[in-house]
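Here chain A shows up in two complexes: once beside chain B, once beside chain C.
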Partner chain A sequence: MKKMSKTISKSTKQKSRLSVLIVDDNEQITKLISSFLDYSNHDCTVVNDGKEGLELIKTNQYDSIVLDLAMPECDGHQIIKTLQKDDPDQLKKITILTASNINDDAVKKFKELGISGCLQKPVDIDQLLSNITKASS
Partner chain B sequence: MYKKNMTMEEALIENLVLGNDHKESMKTINKNLLQYGLTPNQSKVYLYLTKTGEKTASTLSKSLNIPRTESYHLLNSLEQKGIIFSIFGKPTRFNSVPIKDALNIIIDNEKNRITDLELKKEKILTLWETIPKYVDESEKVDGNKFQILQGKNSILVKIERMVKNSEKDLMVLGSDTNFIKFYHTEFVNLLKKTKSELQVLTTYSKKGLFPLEGLPMNNIKKLDESNRHNFSFIIKDDNEVVFFINSGSPELMAIWTDSKSFVATLKSLFKLIWRKSPYVLEKHNKSNKNMTGDYEHRRREIEQEKVILDYLQQNLMVNKDEKNE
Partner chain C sequence: MIRIKQALFLIFGITSFIIFYIGFLNFLTTQDNEMGLIILIFSGIVSSGTFFATFYIANHLTKPIESLAKRMKEFSENNFISKNSLDDKGISELTALHKNFEDMAQKVGNTLEKEKQLNLKLKEMDKRKTEFMSMISHELKTPIMPIMGYIQLLKKQELMGNLNEKQLDALNEISIASEKLQKLIQDVLMAQKIDLGKLSINKEIVDSKDLLEKTFKAFNPICESKNIDLKMSLGQTSSVYSDSDRISQIFSNLISNAMSFVPKQKGIIELGTKDDNEHITFFVRDNGVGIAKEQQKNIFKKFYQVDTSSTRKKEGSGLGLTICEGIVKTLGGKIWLKSSENKGTTFFFNLPKAKIQVDKIHP
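Let's turn to the complex of A and B:
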């Protein structure tokens, strides 16, 4: 058990420090992702409101963004739509992480918009981190 | 053939001339001709001539039970429109142009009239600019204007202008049967082209969504069935709204206003329903059981939390062990 944990730990720890924004209305999830990103030596900003998330994306520079789709008020779709209009370069930094059902058409659509990745919860930590890193490059 | 003293028109209605099968068709044609700009009596005279052939004004007047002076007036106006013609002789007889040609003639006339209006528009506007203004601009009040729109066309003109002039956002709420009414109109095309942020709330059925084909699906949310007959409205930016009225009459009616408080109230209502409604895209996979969908959503969230917790726990254990060593 101990050995296996060590292996996971080594593979997920990254050398370059990334600045990551997490936009998700589920506070528990954002706290946990933030903890593991912190553990992996990345800087993490958490926001539990879509509108605030959009403001932060507009006013700050992040290397990577983790975005939930289903949120009250301003949801992930709206954030994507606004960025598509105002700052399409930000779209490639986005990894969608959602518990909603997403069909193939939607995944294709997101890809066409330039979004880096689209993951459905629950997702393996390695896969999430690999997507976050990929989105930053 | 038909009863004594009965006019041709009455006979038509009694189905003695054309039979029961054609009664409804005649009624529909008559009704549609009114939309081509004919008055009820003009339509009656034209159809009578088309069905029965060449007639004198006197015969026509008796058969259709129209006063002689009015029948001359009607025949004159139809001749001016180019859909009937007179045959010289004593007395003068009248006959009609075949219906297909007559419809084309009316359409061409209407097209020419519109081209003429377009040409005159520039002239009027240029002249208007030369006239000095007497209105104090500072006294002009924006907002709180109301307009009642009656009929599909006047509503269409208004909503198309709203979509065209929108700069920020467009919120559209209505049942799929409402959208079908605007299918094949410029309104749906303009919605597809708009640069404003578009949000559409509609009742969803595969059959009913085809007028919206081409609109980004992530701009469309599903309107709850309980709201489908209650209200329909379109909001442009923060300054205009068209609200449809269900008056029970077949003709569409709506109210347009730029009242800020009205727009703000409807906007809040729209946002509230939007927040609670699922995306059409999500619905494809969800089946009708919302409860199952919510449960599945929550289950995935919890499993995600568990995955991260396990990871953190394992790594914390490793760190602790490393320290102890």
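Let's turn to the complex of A and C:
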């Protein structure tokens, strides 16, 4: 635990470089986002499976998380539910990025859980980056 | 209310009593004792016969009627009747009535059962349609994301390296086409949502002046770039309890239509509001090609376009006005137009005023 908090304080020093986790079952989308983040000098971890994503969130400290909702087996809702129980502090780092229709009630619910943002695909990648940055602070 | 049994006993009871009474009177007053006795016995037999016949008839009359009433009630509750428990020895008209009711109930019951099945099927189909739509919507949006994302990324030459003129031109074409595709997908999904009655509405108090000014600001730059004179004529300000994003969507469709039909030189588009007691009416007026009378009833139909020739100047899917109409109706208003060929077009839509506003006017 101590070690981890040290690495956090280190990364907060050079604020501009973020470590971002992208959880989406669509490989083209994760590649797009990770390329863009990479070119914009951020560190990026990509995972195309919900379960693995949840493991990574539990075992690593990311500054910001991009989360798809509809995924086979373990979907975004499940990940959010689990984090809500086990590690609610992680929720504020999450930006939801989904192609599913989410109505305002759902957005409100996500906001109440502390989730940073809710974006619909296709998304303007600059807007995505600004959401990712916002979620990290 | 009086029951059949009571009525019968009343009538025949009195009759038999009168018969017996007459016989008894006769017995008391007659000289011929023997004859008097015979009449007394006879009247006694007749009156008690009447009494027992009444009893018998009453039973056979009321029982089947009562049971018919019971079965009718049963049928109206369950759309189903149990088998007849009545014997055939009763009054034949009533037995026939029973039989006919049974036949009718069976037929109606069958029809109702069929209808129920059909309804279930329809509901199931509706559910599947909705599921299918949300699946299609998801599957369409997912590949559009990397297409549009990579176009945007390629345009960031500081990250991706410089593109030469030809490459930029090609990229631009892809970009325009993908925006159109994205718009089309959005429109198709929107029209479907309206069809299924699944359009989400977020009502709040919306000020007509704010709304018009916001719309004006949003469209002024693009109109300026196309040399179109965008005007605004504000009527009396009032507020509606409605969904401002959806209203903006209507304006956006109407204005982009107007923009594609105004003349290249001296195109004019005017946005405005008008008021009556209960409604506020918004309008978008243009000095464009206009719409012929016989076309006017068609343009709100799905995918309908007046000019479908391949040389037509305007692009689009023919869904814009369908969507406008759907939104306006969902918001409780109406949409209509005034136009004649070459004399320009005005689209109107109205929305019910917010109650609060009405209260202010008539305190």
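As a working rule, the second predicted complex is superposed on the first by the 122 of 137 C-alpha atoms of A that agree within 3 Å, B and C clash if a C-alpha of one lies under 4 Å from a C-alpha of the other, contacts with A are read in each partner's own complex, and residues count from 1 in each chain.
Criterion: contacts are C-beta pairs under 8 Å (C-beta built on N, C-alpha and C of every residue); 3 or more make two chains touch, one makes a residue touch a chain.
The model shown is predicted, which means the values in this text are computed figures rather than measured ones.
Colleague: Just from the overlay, do chain B and chain C fit on chain A, or is there a clash?
Modeller: clash
Colleague: If you stack the two complexes on chain A, which partner ends up touching A:112: first (chain B), second (chain C), both, or neither?
Modeller: The answer is neither, since A:112 touches no partner chain.
Colleague: For A:73, decide between first (touching chain B), second (touching chain C), both and neither.
Modeller: After superposing on A, A:73 lies in contact with chain B but is clear of chain C.
Colleague: Based on the superposed arrangement, let me know which partner A:89 touches: chain B (first), chain C (second), both, or neither?
Modeller: Neither: A:89 stays clear of chain B and chain C.
Colleague: A:29 contacts which: chain B (first), chain C (second), both, neither?
Modeller: Touch partners of A:29: chain B and chain C.
Colleague: Which partner does A:102 reach: the first (chain B), the second (chain C), both, or neither?
Modeller: In the superposed model, A:102 contacts chain B only, not chain C.
Colleague: I'd like to know which partner A:81 touches here: chain B for first, chain C for second, both or neither.
Modeller: first
Colleague: Under the stated touch criterion, name the partner, chain B or chain C, that contacts more residues in chain A.
Modeller: Residues of chain A touched, chain B against chain C: more for B.
Colleague: Report which listed segment of chain C has C-alpha atoms clashing with chain B; options: 80-88, 98-106 or 134-142.
Modeller: 134-142
Colleague: If I apply the document's touch criterion, which positions on chain A are contacted by chain B in one structure and by chain C in the other?
Modeller: In the superposed arrangement, which is not itself an observed complex, chain A uses residues 26, 28-29, 32-33, 35-36, 39, 70, 99-101, 103, 120-125 for both chain B and chain C.
Colleague: Where on chain B does chain A make contact in their complex?
Modeller: Touch residues, chain B against chain A: 195, 197, 216-219, 271, 275, 279, 281-282, 284-286, 293, 296-298, 300-301, 303-309, 311-312, 314-315, 317-318, 321.
Colleague: Within their complex, state which residues of chain A touch chain B.
Modeller: Contacts found on chain A: 1-2, 4-6, 8-9, 12, 26, 28-29, 32-33, 35-36, 39, 70, 72-73, 77-78, 80-82, 85, 97, 99-103, 105-106, 109, 120-125.
Colleague: Within the complex, which stretch of chain C touches chain A?
Modeller: Contacts found on chain C: 134, 137-138, 141-150, 152-153, 156, 159-160, 182, 200, 202.
Colleague: Considering the complex alone, what residue numbers of chain A touch chain C?
Modeller: 26, 28-29, 31-33, 35-36, 39-40, 70, 99-101, 103-104, 120-126
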